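Here the chain labels run A, B, C, D, E, F, G and H in written order, and each chain numbers its own residues starting at 1.
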Amino acid sequence: MEIKDILKSVENGNLSADEALLKLKMQPFVDIGYAKLDTQRKLRQGVSEIIYGEGKTAEQILGILDAMAENGQERVLITRLSREKYERIAEVCELNYSKEAHLAVKGEKPVPDGLGKILVLTGGTSDIPVAEEAALTAEMLGNDVVRLYDVGVAGLHRLLSHLDIIMNASVIIAVAGMEGALASVAGGLADCPVIAVPTSVGYGSAFEGMTALLAMLNSCASNVSVVNIDNGFGAGFQASRINHMEVRK
Amino acid sequence: MEIKDILKSVENGNLSADEALLKLKMQPFVDIGYAKLDTQRKLRQGVSEIIYGEGKTAEQILGILDAMAENGQERVLITRLSREKYERIAEVCELNYSKEAHLAVKGEKPVPDGLGKILVLTGGTSDIPVAEEAALTAEMLGNDVVRLYDVGVAGLHRLLSHLDIIMNASVIIAVAGMEGALASVAGGLADCPVIAVPTSVGYGSAFEGMTALLAMLNSCASNVSVVNIDNGFGAGFQASRINHMEVRK
Amino acid sequence: MEIKDILKSVENGNLSADEALLKLKMQPFVDIGYAKLDTQRKLRQGVSEIIYGEGKTAEQILGILDAMAENGQERVLITRLSREKYERIAEVCELNYSKEAHLAVKGEKPVPDGLGKILVLTGGTSDIPVAEEAALTAEMLGNDVVRLYDVGVAGLHRLLSHLDIIMNASVIIAVAGMEGALASVAGGLADCPVIAVPTSVGYGSAFEGMTALLAMLNSCASNVSVVNIDNGFGAGFQASRINHMEVRK
Amino acid sequence: MEIKDILKSVENGNLSADEALLKLKMQPFVDIGYAKLDTQRKLRQGVSEIIYGEGKTAEQILGILDAMAENGQERVLITRLSREKYERIAEVCELNYSKEAHLAVKGEKPVPDGLGKILVLTGGTSDIPVAEEAALTAEMLGNDVVRLYDVGVAGLHRLLSHLDIIMNASVIIAVAGMEGALASVAGGLADCPVIAVPTSVGYGSAFEGMTALLAMLNSCASNVSVVNIDNGFGAGFQASRINHMEVRK
Amino acid sequence: MEIKDILKSVENGNLSADEALLKLKMQPFVDIGYAKLDTQRKLRQGVSEIIYGEGKTAEQILGILDAMAENGQERVLITRLSREKYERIAEVCELNYSKEAHLAVKGEKPVPDGLGKILVLTGGTSDIPVAEEAALTAEMLGNDVVRLYDVGVAGLHRLLSHLDIIMNASVIIAVAGMEGALASVAGGLADCPVIAVPTSVGYGSAFEGMTALLAMLNSCASNVSVVNIDNGFGAGFQASRINHMEVRK
Amino acid sequence: MEIKDILKSVENGNLSADEALLKLKMQPFVDIGYAKLDTQRKLRQGVSEIIYGEGKTAEQILGILDAMAENGQERVLITRLSREKYERIAEVCELNYSKEAHLAVKGEKPVPDGLGKILVLTGGTSDIPVAEEAALTAEMLGNDVVRLYDVGVAGLHRLLSHLDIIMNASVIIAVAGMEGALASVAGGLADCPVIAVPTSVGYGSAFEGMTALLAMLNSCASNVSVVNIDNGFGAGFQASRINHMEVRK
Amino acid sequence: MEIKDILKSVENGNLSADEALLKLKMQPFVDIGYAKLDTQRKLRQGVSEIIYGEGKTAEQILGILDAMAENGQERVLITRLSREKYERIAEVCELNYSKEAHLAVKGEKPVPDGLGKILVLTGGTSDIPVAEEAALTAEMLGNDVVRLYDVGVAGLHRLLSHLDIIMNASVIIAVAGMEGALASVAGGLADCPVIAVPTSVGYGSAFEGMTALLAMLNSCASNVSVVNIDNGFGAGFQASRINHMEVRK
Amino acid sequence: MEIKDILKSVENGNLSADEALLKLKMQPFVDIGYAKLDTQRKLRQGVSEIIYGEGKTAEQILGILDAMAENGQERVLITRLSREKYERIAEVCELNYSKEAHLAVKGEKPVPDGLGKILVLTGGTSDIPVAEEAALTAEMLGNDVVRLYDVGVAGLHRLLSHLDIIMNASVIIAVAGMEGALASVAGGLADCPVIAVPTSVGYGSAFEGMTALLAMLNSCASNVSVVNIDNGFGAGFQASRINHMEVRK
């Protein structure tokens, strides 16, 4: 029952002021103005379709999947899901699992409806799990994703030989560990927004991704913004938002 | 002279292969394939209209302004420009100067042509200089900017009383120092991309913006990406990119 | 106009449902349920009587003082106020200024009405400015404050010779730089809550208060909680809250 | 034998000055004035009822439990107790064990006798073990505890829909990892003291709780003080102290 | 087909301008000028002979070895190769494995052809695995390597009794953990370039090699440059480059 | 009045038990057993002869000097004394001032009475101010001090050519910035205790002395212990203690 | 053959100048002047009797023990020795093993011959392994050691009730984790040198001993110097040196 | 008098063994074998021609210049020399001063005699002072230096358009602040050794050069080694050593 309906009922004499006040108080917060926001968010962001698997038991995840199914949401992405949990869930519920990205998908990928392509780059092969988390997230949120892996800056020709793909991307997700220079170079070559994802790849003074993170934050390219270390999901999510921009006057 | 024209001239016998090779070598890099990228970038990003003022003398800046004027670029943004340098430049060249944002503008702001509005939020009044750098940058790049300052999370009602503005934004720039919680709260309330700008506002364990930076990188909202401490320009630039997204198939 | 009054007006036919909806939307957030919180906070916390002086001009502070005076608030505490700003404000408005604590007071200190005494300890004489910020803040919020300065742990007898004062305190504010051991020792001796304030006093690996902060957070005494480096105001404020606890069922 | 009794014995001629001096020296420190403090502390703080389980063997803990039982203390809280140790102790001595909080309780919870309720908030579900350590500690020390879990700031409505509980709390314990913004938001909404507990929940630049810790120390709300990362026990202990404040003139 | 050949073909009328343009675009990047660089690099640096084993499966490594063999490269160095992977590869392909340095070699070591000897020093015995990675890398790249292990500065006579070897070295690789002083002392004694390799040997405030790294970067000797913590391979590679310097006018 | 005298008075009937109790409570801590410690400390450590000048006004220092003079202490060391303060004090009271070490001395240096010589080493000339603070402190506390400056490890022969002095020292104070290797080398050469003092000399990743501090803490020599960055006074004080060791059974 | 003997042989005509030069060069460094130092060090420091067990195999340790036995050294201390290695060595060679301190002793403890007693303090029970490493090291180097464990500053009476022991110590080793305040309090109470050993005991912002280390370095007591985190051996060694000081003119 | 001469004199009976021993002890270290090293170092490294100006007075520098002139060294480089000091020295002694690099040169630059050219790259214009310190140092040590400034990776075409210069360099010095990616890109493009110099250019999380330093240490190119932040001199010195490599068998 919407706030306007409550007010109408008072106007109509079907509800006393006191009863209305009680109703307003009893309703969840979302019902007194902010609910729309929440509902809107669910519908548009696809947030309701994502389960953060870490720190949840297989049973809890199954429970959430059931609740979602009851609400008609058959397309679900489960991130940071260990193989063990996946296997227990898969006994009950059909899932596609990426053991690389530790990520499971229920239902089919949606038809891409974004403005263009999201390009996912990695510096090396060790960055691929994080990149796959980003790519699969973006695909589940309705994006056409192009993968270009192992194109680190020490062999610049690998990157330069794909300039057309870089130039044509709508959003770029640059995934790199070690010195994280890929974000700056990609940012300089492309004219689209770049989301940089530092990874914990490297050793010694790579400091579990801190060096790549700092380097990316200090990129001399202006079209680069950064997410947390190894946060492939966040990068895929933000890139999808950007790839689904629309006129909002 | 474009690469295709060079080839045509060889085809037409107006140029020998050797002369063509020389021409290709003598031309700047942009002329052998990457120039398009560069030119495109200039035209679309407005990068050529921005001068990073720090570490350049007033004379150098005047020289660049002259060169730009000769190339027909009359609309220029100069960031990180001290008052002293501004005053020396202003003797020769008409500028609008924001002493808050340490930023000067030559020429008129362009008519906004983005998808929607860019909303700039600050946690406190001390964050305003960085916010203004972001806002003025975005305006100079053709964006309609809405400012909502001093809406930090310790007084949540200040933020909540402007929910409609937040819900309606195309991109949000969240500028905050201290604990930087504004980015998370804004990210949770809005469904658009949020660019978080940590500021060096605070004392003690605020560590010149490091605390805000780390907090923003660890935002529990998924639609937040982050730029360097006090990097208002970068946030305005990236937000403008996002606000000018278009179909790119 | 309260939400209940709005509903009554609809019930009475003095307001249509649409007009009521508009009214609800137009009112500041505080008017739809959260205002009480805000008003309550003002009345009880004395927050409205405190101006954070840093980053505000003398003119802005005078403006706020005027607005406060119009609302009947004559008792005001201004923290982090430089001498220069104080002197400009003092030309117009009578203030008591502590040049040590960089803090000005308008109006008289209130009569203490707390549960007991707040004891402010410092490790050395260099910690006194921060301690005074805490002490004066607590006094302006209605507390009886006892000062015991320069009782650092390297001369334990200085502290032990005042055991009765320590044992009798309602709340203790322990202000110390360098190794910050005062908080642990005070926490071990007393049975009341201890608010620890690390200061930026020290050199070298004191790291501007970081060492004292970390030491205080790792106190082996369980009745110690910590505020930011040099945050005398926060400690005084929190201690006052604790000293004004009352039955709330 | 109290110091006064010793002096009386000298006065009565039952003890020579030299014998008295010897007695004073031979007695443990607590017997020459500071013992009262210690005894008082035991009686009032319930400290004697708490065993820090980490680094103690099951046998050592059983020994302490025996000694406590002999002194009539049947109500004991054992923190940081691994499941293995618990199981060995449970063969001999009846305990209630929380496997979530790694905490065991011997005897019944006392009847709450505090000023009001202690509210324990968490940002996410992964913060619950630390929150339970805080909640169970507070309950064992005689407090009425309300739990409100998974109310992180990215979904602000979850927090706002429980405003009445927040407004009515006597003390709030805000438990959060990642960016730790919950402490600031709770501090802004409530007028009671907030004890913030950063947790090691998060990854990458969460730095095992460091980011949440720094954010909480820099809270823009003034009624927030902080304890060590994952220190649920300390927060419960300090909150209990505050909730048991009484007149002490 | 080289760019000049393409141009010649246009000149000869064997290729139209449009066809030439297409050819230029279709060729990999290396074919429009930068390929030489790449080929040259392979031939001269021996980079193509090195496989970084970490993060690659035994199968992937075997695949690369096959591809290399087809290209005639029989001499291959595989770094950071775990014993398990080595054993699986060794079933198919003959390798010499150093279990200390986690490094495998296929084919014979080349005959040294450098300017002089590379001297590898270690501070202690625990630094030897990193030193061996450096030494074996250098040997596989055609260098004569002298090992001088366990000559840390706390027993200076160990180092001084080998002064002739130190004075005669072409390049020195100084491998040390803890306080990393070996690099400074070696740099002061020798007149050749010193490549310093901090190791993660040590405990407590050695911070996994950070202390040695910082100390080496701050060496008071001017002929010291530094590589990442535990990066024996990088040191051996760079030393080999220096030991193979030649006239390049 | 000593505790024994109080007890005697009770024995003699000159004091009632209650009066005695009051007396005990009223006396400073030092009178109930711990005073001896304090007095002893003053007499033996010479602590009472040292004033830490930083954070004290010239007037306060003069006041302390007067009080000391009244107690018969004519020999006083004032550390961290700025030239300005020195000059104001010198108008009233005769002092010898070291502008290098920012340290003033009142009265004559005592005749050395230690076990042997304290040797003060520095790595470079920039470390001399800290070294002089150490040396002058040690001299004022009754030690024979030998200075050996600018003997950093990059020119090892400078150190080795003074081996006899190093071998003969009773205690060594090793003062160095940058990579701080001097402490390890001196520790390895000498058989006496070495007190290492890191200095803030250096730039970049010297991090204001942090690198030298960490290096010294990780010294591979076992006879090295460390004080705070630039803490020449502490090193001189501790060295003097060690140089004045005596039989204590 | 000593350097003087070589020269005598030349004088006697038994050796030519060239032969002498060769002999000098062939001899180990220690034979041309610096050998005495080394030999002296062995004899006086007992360094030769200590084996650092970490990073050495059981076989290597047995080899060293054999070599030592051949040189007549029957009294040996092996530090950082895992239980597994101990057991393998114990099959061949009789050792006393402390499983707490991970330290084995061959032969009897020597009769103490120091100036006085070394007092080892710990803040808690978890610090005991490090303390035992210090205590056993000191005992093996000929010192009388007194242990006083679990006397942390949160229960000050535990420390104060042993003031006589503290006052009477020749050297104090203060072993503590968490906030490390024990070093400052001990340093203030005692007049002898204090060697502070931070331990990695604690959690969260204890940062594996970093907090205790920093706190100890910033001790407000002047007679405190510090060794590396968990470096019980170094503290015992340095304390022994100090406790064996003698006249050296 | 060389050690061999001493021995000869004993052989000849011109010196007794005792006198010889005394002579050996009285001579500076350099005379018993290590002096050669030192002399050699002076002759070959040109170290004696360099004065580190920081922390030395103008008078001290003039004194050193005089001493050098007496020894026939007319070509001197003075680094880190402030303008003020330069001007005072220039009154007496003719110098060429670079106010950019804070570096003065006495005498003419030597004729280059290296293997090839040293190429100095900078990422931006703000890095030029450090680059000039490197370039001028290298020139004074006899190298042909090519400067290529402002070729940062965000505009890759600037770097790529000079590929021939990069490919032809003997040694590259890559000078960059911010994210320091220039080192990796240059290392990937070139086949010669790259000396990376991080600069303190940047703001916020550039952390005064720390970010660039870490990025450079983690370069994915293997031919990169690193010197301290802003250490242009060290880079120029090390590059010169490498550029003067010669056969040393």
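Keep in mind that, in the parts below, contacts are C-beta pairs under 8 Å (C-beta built on N, C-alpha and C of every residue); 3 or more make two chains touch, one makes a residue touch a chain.
Quick caveat, the model's predicted, so the values are computed rather than measured.
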Steps in the shortest chain-to-chain touch route ending at subunit H and beginning at subunit D: 2
Chains touching both subunit D and subunit G, listed by label: C, F
Contact-richer chain pair [A-B vs B-E]: A-B
Interface residue identity across copies subunit A, subunit E - same or different by half: different
Chain whose Cα centroid lies at the greatest distance from that of subunit B: G
Inter-chain centre distance, subunit F versus subunit G - centres from mean C-alpha coordinates, in Å: 24
Distance from the mean Cα position of subunit D to that of subunit A, given in whole angstrom: 39
Averaged-CA centre spacing for the pair subunit F and subunit A, given as whole angstrom: 59
Centre-to-centre distance between subunit H and subunit A (centres being mean Cα positions), rounded to whole Å: 50
Per-residue overlap in subunit C, given as positions that touch at least 2 other chains: 33-34, 37, 124, 155-156, 189, 204-206, 210, 213, 217-218, 222, 228
Touching pairs among all chains present in the structure: A-B, A-C, A-D, A-E, A-H, B-C, B-D, B-E, B-H, C-D, C-F, C-G, D-F, D-G, E-F, E-G, E-H, F-G, F-H, G-H
Interfacial residue positions of subunit B with respect to subunit H in the complex: 28-30, 34-35, 38, 54-56, 198, 200, 208-210, 213, 228-231
Interface residues, subunit E side, partner subunit H - complex: 33-34, 37, 40-41, 44-45, 47, 115-117, 160, 163, 167-170, 189, 191-193, 195, 213, 217-218, 222-228, 233-235, 237-238, 241-243, 245-249
Subunit G partner contacts - residues on subunit C that touch it in the complex: 123-124, 152-156, 178-181, 183-185, 187-189, 202, 204-207, 210-212, 214-222
Contact set on subunit G toward subunit H in their complex: 3-4, 7-8, 10-11, 13, 16-18, 20-21, 24-25, 32-33
Of all residues in subunit H, those that touch subunit B in their complex: 124-126, 155-158, 160-161, 201, 203-206
